[in-house]
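Per-chain residue numbering starts at 1, and chain names A, B and C are given in the order in which the chains are listed.
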Amino acid sequence: MDPIERLEAIEEIRQLKARYFRCLDAKDWEGFGDVFTDDAQLDVSEDAADLADAIVGREAIIELVARAVGEAVTIHHGHMPEITVESSDAASGIWAMEDHLFWPEGGPVRSMHGYGHYRERYRRTDAGWRIERMVLTRLRVDLDRPPRDG
Amino acid sequence: MDPIERLEAIEEIRQLKARYFRCLDAKDWEGFGDVFTDDAQLDVSEDAADLADAIVGREAIIELVARAVGEAVTIHHGHMPEITVESSDAASGIWAMEDHLFWPEGGPVRSMHGYGHYRERYRRTDAGWRIERMVLTRLRVDLDRPPRDG
Amino acid sequence: MDPIERLEAIEEIRQLKARYFRCLDAKDWEGFGDVFTDDAQLDVSEDAADLADAIVGREAIIELVARAVGEAVTIHHGHMPEITVESSDAASGIWAMEDHLFWPEGGPVRSMHGYGHYRERYRRTDAGWRIERMVLTRLRVDLDRPPRDG
């Protein structure tokens, strides 16, 4: 593959993932959905070996994520990408991640602080590179729960 | 624009922003000032729509920042840049950020932990790319205040 | 130096450092060792001016690091690289870093949260770019110790 095309693909995929994080934390669900292919798969089941529990399709992904974190102030940051461009329209990547979630008072959890990795596949569509598969595994999650009454 | 020039500009701007963070946390005010244009604007007023409250000029920016954080141990990290090169001498960028500040004992705040985004403009000068406008907005700020006496 | 070769070297070094972090946190010691040259130097003595206290050699580095953090859940993230390619087979870099370590219950420290910078040198070997020198200095370290009995 041409080295310039390869470097351009890596940069476009980095900015694609940046939009994923920014739109997620801004609760910009239209922008968030736009980073995925129509048929994208999202697996947060921690069973990365198989995608049996994956959510399939852009609309289902938006619905799941908006329901899970729509009420929270969320901070998601990605780090240290390892992006492999396999051809002019297929690529894969690994990203370290850290997230902080803060829910409104009165719920069962006040905040969450987690760490993990995304393993992803990308496909180049007519609109540019998009995420077609995202598998999230975690190294650790800390929850801050409110003290119980009584 | 030539694709190699574009990739080189993006890389130079990433390293420019890296110097911004490193010099800020090292309290290297000369190095910190050097990342800005002479007429740079800094707006941390959280009113990104208008730059009415912006600090203007490299010297004023150094003075403000050195006064605000000069006594603290500070950690500022940037993440997930979305850099758009508009021409050979103009570019814009969005960065996620996270900061931790730790003040000496005895003050009104012990530490601060914040999250937000920089929205920036860059200009290529004879000395290379420089920041000409920086607007910081925040998603969340947590303050740790000492317990009150009595 | 050819601009494309320079950009490719920077990208390869970024992915090299990403493997360093990912293998370290996965406790993949074979993958971890592979990011270093045979004769690599590691200095975490906080005395960056001189390498008198450096650990020398890939095997010694693996042994030291595995002993120090092998029992802990560790999170290491790098940020904001400033990579300078000096020639086709020599480069240097600065990285901001943040780490979180969590030890099993019963030890003298429950967790650690630190911040600092790596200053590194890279050499291109027949197998690709490798780390030949790594010096870590810290801006701050917070330790969480368990309360004492009695």
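As a working rule, a residue touches a chain if its C-beta (ideal position, glycine included) is under 8 Å from a C-beta of that chain, and two chains touch if they have at least 3 such contacts.
As the structure is a computational prediction, the values presented were derived from the model and not from experiment.
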The C-alpha superposition of subunit A onto subunit B, two copies of one sequence, needs a rotation in degrees (nearest 5) of 120
Given over half shared residue numbers means same and under half means different, the subunit A/subunit C interface is different
Cα centroid separation, subunit A vs subunit C, in Å, comes to 26
Subunit C residues touching 2+ other chains are 4, 7, 79
Per the touch rule, the subunit A residues reaching subunit C in their complex are 3-4, 7, 10, 79-83, 94, 96, 98, 115, 117, 139-140
In the complex, the residues of subunit B that touch subunit C are 4, 7-8, 11, 14-15, 17-19, 21-22, 25, 73-75, 77-79, 100, 102
